[in-house]
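Below, subunit A partners subunit B and then partners subunit C, in two separate complexes.
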Partner chain A sequence: MTASGEGPGGGSRAEVLRRVREALGGARGTRPPVPRRYARRLTDDEAVNRADVLALFTERVADNRASVRHVSADELGTAVAAALWGREAKQIVVPADLPFGWLAELDGVRALADTPAVDVDTLAAVDGVVTGCAAAIAQTGTVVLDGGRAQGRRALTAVPAYHLCVVHADQIVGTVPEAVERLDPARPLTWISGPSATHGIEMVRVEGVHGPLHLEVLVVED
Partner chain B sequence: MPKFAAAARSALADTGLRRNLRGGIAAAREREAAAAAELGGWDDLREAGRAIRDAALLDLDAHLEELERAVTEAGGTVHWAADAAEACEIVTGLVRAAGADEVVKASSATTREIGLTAALARAGVTARETALADLAVQLGDDEPSHLLSPALHRDRAEIRELFRRTMPAAGPDLTDDPAGLAAAVRVHLRERFLRARVAVTGANFLVAETGTLVVLESEGNARMCLTLPGTLISVAGIDKVVPTWADMEVFLQLLPRSSSGDRMTPYVATSTGVTAGDGPRAFHLVLLDNGRTRALADEVGRTALRCIRCSACMNVCPVYERAGGRAYGPVYPGPIGAILTPQLRGVDSAADASLPYASTLCGACADVCPVKIDIPDVLVHLRGTVVESRRRRPVPPPELMLMRGLAWTMGDPRRYETALRRGTRWARLLSRGGRIRRLPGLLGKWTEARDLPAPPSESFRAWWTRRRP
Partner chain C sequence: MTASGEGPGGGSRAEVLRRVREALGGARGTRPPVPRRYARRLTDDEAVNRADVLALFTERVADNRASVRHVSADELGTAVAAALWGREAKQIVVPADLPFGWLAELDGVRALADTPAVDVDTLAAVDGVVTGCAAAIAQTGTVVLDGGRAQGRRALTAVPAYHLCVVHADQIVGTVPEAVERLDPARPLTWISGPSATHGIEMVRVEGVHGPLHLEVLVVED
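Entry: the complex of A and B
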């Protein structure tokens, strides 16, 4: 498809590129070296071993004003159910490929699988959503979803007011560079660090505008 | 648009506004300083950020072509706009083609720069701002005053009054509790999000290598814009390009910590072209020049294009803290606006030409800039550009006439000594208690904000001549 009917790219493609080349003149095409002396891994002050990484993740998720709990693999079903009861959730939506065991203990909570895709009105009406994640970052307390296994499409976590995210301990990396290295930008990524918030009034941070008002993270230790 | 000094005058007289500004940006300043200090090697990260932005800009044509190829391969469409009018025309055409008469918009200084909302309105399309502060600015028919927090000039009580007046569902019980105001915005816009067929957003970064659009936000409105409507249109300056996905590891640390002071912005959404079964079915990227190549042609000025729009410079600026953002004109406030706006728009108008002077050159902005833009250096350079541009005008500006007069006077020792003697006599007549409070005529502008010490009764030259044997 062309933009404004002047061949591929259309419009002012040629003109803009010509201006760029003219503006750069002799400097054009130089790529100055990029010094990458910054830390790519956590420092020893932040974490010495794996347990420290998990502890840092937990601390930082809590700093982001999300709830966080550690559970063992065989407690997960109970923990998911307990979290949903705690929110008095009656109906939730889940990705079609969410592991069955995560919801095995649900009693009195109806889980709608996103297959076929639920419509937006249903998404807005449900009490919450349960997903897994693709990676998590200890230093920033972030979970990253990439639409892969147990995560579903992006709208599932954008609309409902409550998001319960299950993180397996081995998915947690230390730093942002480690996460960027592990993630595939061809997939749609959503990095989530706490509930929806705004600095829109007097630059004071307030939780809860358009996105999920509550984020709860369950860390599964094997 | 008035000159900076004139526009700042009303803001300076508004004590309520100054209180809002002072409180808001002091807190932001502290958060940012803490977030930068916590991360070891902050300066190494800034140095990498600077170098990556330079590498992106100095090979910009190649990066733009690579970006276009990657976006197209991922199922998106790239459009090129030489100026604001062309960009608005492209977006309007796309919205019409999608059959929509309303679009949802996520914060974007770029769409404000091109006046997109007004252009869409002329075509019968309503553009709804969705971020809380942008909505407050739109509902109040107001101008934004800060990059991160556009309604910073309004306090919570004013925002409550505005919402009570303009949001039918908010009701008279709405208090000025910020959480309650945020909840009112959620309710007000929910239906519009669910029904929207077209979303318009800006971009924080465009990754050339992969064709990836990267948007950082905190409220969740941009996430909904990126996923719910069937058509997504993103308008981005050609300067938003970064070469590789790996480069994002630097900016995803620099931007959150410099902007809101968070370790990570609550939401980072990345989107590459179109994904089957997830999000929009059509993605359009509008690449905008609108003066950026003019800035790029200036070897000193082009460093302003490194900017990642974090707003740290305005939070440390003593001039911004007092004058507020609206004095800088409608789009880019603060120190970065003072160097970006005159380059994007040129310095022909008196208002744009006044911006490089809206600074004390204290250098605080350069110290915090995450991509190390030497803002004072560019300001001084642009002051030179302003003076040069006025040199050949038919009627020379007063400053130039004064300088020419001084050059003539100081070009000859006799003329200089005579002028010195007469000047001293007049100056001493004007002084009271050793200070001159007001100079006559055009010189009076200089004494508007400061006193001039009275000159001594005898000049150095006169004294030197007298003491020689």
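Entry: the complex of A and C
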């Protein structure tokens, strides 16, 4: 070992590894402790009951500069249409498996189903996208998409400037750890907390660069 | 026992029960054997492989006087629209959770989502209904609805005169026992083998009395 390690290059590599091993000492091969003392559940100050969780979600979505409205299941079609009319949307794109009832009241708005997949130029040209979500988080005012039912592929909510997201009340959990428990880490997760926002090196906030400039959330209470 | 059984009425009741018990003899409390020698799977004569199962389904649906067409997933929206145009349908009703993509190509056909529930007069007035199914059976050319996703409540497919049913190829099984294995007996199952047909006491076949006069099946091969 020592003899072969003395050659050009080999000697310095062995020396570096020796020093790394020495520095690691007894900790070698063990895992450093990761602090996991973050809140796993909402505190009673934040939410005592289910109605408080919904109220907190609504408040935090609004804090994130997104619009949020509560509707009953029967009103959902009308609420989606009203939101699109309010933005004077003429053409939108939707995942092909979006429930038809969500778009049943559209009048004068053309919806393109993303099957076969709509090209990027069309995605950039449409007035918005309507999706569901996989989960939503009250504490952070976040909606999470996982590419499952009524959510479609990622480009759908990355390119158009307006995203209308339908959240069923039973999809809303209190905290991020609760959402993580519900989600499948193997799926393509998109976590959306308000409209897209970016800071350049000048630390100037710019919205809508890497995703929708406008996010609107409809909470359906059944 | 004997003394009290001799009163008016009591005597004859005891006598009847005695004779029933006597007639049952040793079989009392046992279950009569039920013959279950029906075919559980398709024979090789009927279908050797998956393509044969689909072909048999297509043939049997047609035998049942229903139309049947095969389409790819990308063509489904166009095929649904073409079927409705072919019938000159102006207004249809659909379950609220029908995937939007199925209706994305409709032009000049108004689709009513069944939420809130459409009244019976409207159901009778529309030109048809579009649904999915829970399972389909090759040997009998049957589609089975269970009120689950994209199927809606029973009245939707009982009242309108035309039913367009979308069947995904992987929902088709060979035989009735295979379908029963897949289905939940606690759900409201509707078994549809061709258009509605009824025979009065004169044994004259009348179609469309208790359900759709016309059934059309679109098989989606992914």
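The definition used in the following text is that the second predicted complex is superposed on the first by the 183 of 222 C-alpha atoms of A that agree within 3 Å, B and C clash if a C-alpha of one lies under 4 Å from a C-alpha of the other, contacts with A are read in each partner's own complex, and residues count from 1 in each chain.
Keep in mind that, in the parts below, contacts are C-beta pairs under 8 Å (C-beta built on N, C-alpha and C of every residue); 3 or more make two chains touch, one makes a residue touch a chain.
Please read these numbers as outputs of a predicted model, since none were measured by experiment.
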- Could you look at A:Gln139 and tell me whether it touches subunit B, subunit C, both or neither (first, second, both, neither)? first
- Query: Which touches a greater number of subunit A residues, subunit B or subunit C?
  - Reply: B
- When the two structures are overlaid on chain A, which partner does A:Pro188 contact: first (subunit B), second (subunit C), both, or neither? first
- Look at A:Val206 in the shared chain and tell me whether it touches subunit B only, subunit C only, both, or neither; answer first, second, both or neither. first
- Item | Touching partner for A:Pro99 - first (subunit B), second (subunit C), both, neither | second
- Return first, second, both or neither, reflecting whether A:Leu24 touches subunit B, subunit C, both chains, or no partner chain. first
- Message: After the superposition on A, what does A:Tyr38 contact: first (subunit B), second (subunit C), both or neither?
- Response: first
- Enumerate the residues of subunit A that count as touching subunit B in its complex and touching subunit C in the other. none
- Item | Interface residues, subunit A side, partner subunit B - complex | 1, 3-4, 9-13, 15-17, 19-25, 27-40, 43, 45, 60, 63-64, 117, 120-121, 124, 137, 139-142, 147, 153-155, 158-159, 176-177, 180-181, 185-212
- Query: Hey, which residues of subunit C end up touching subunit A in the complex?
  - Reply: 73-74, 77, 94-104, 111-116
- Item | Of all residues in subunit B, those that touch subunit A in their complex | 20, 23-25, 27-28, 40-41, 44-45, 47-48, 51-52, 54-55, 58-62, 64-65, 68, 74, 77-82, 86, 89-90, 93, 130-133, 136, 146, 148-152, 155-156, 159, 178-179, 181-183, 185-186, 189-190, 193-194, 207, 210, 212, 218-221, 223-224, 226-228, 238, 245-246, 248-250, 252-253, 256, 260, 262-272, 275, 277-279, 287, 289, 293-294, 296-297, 299, 302
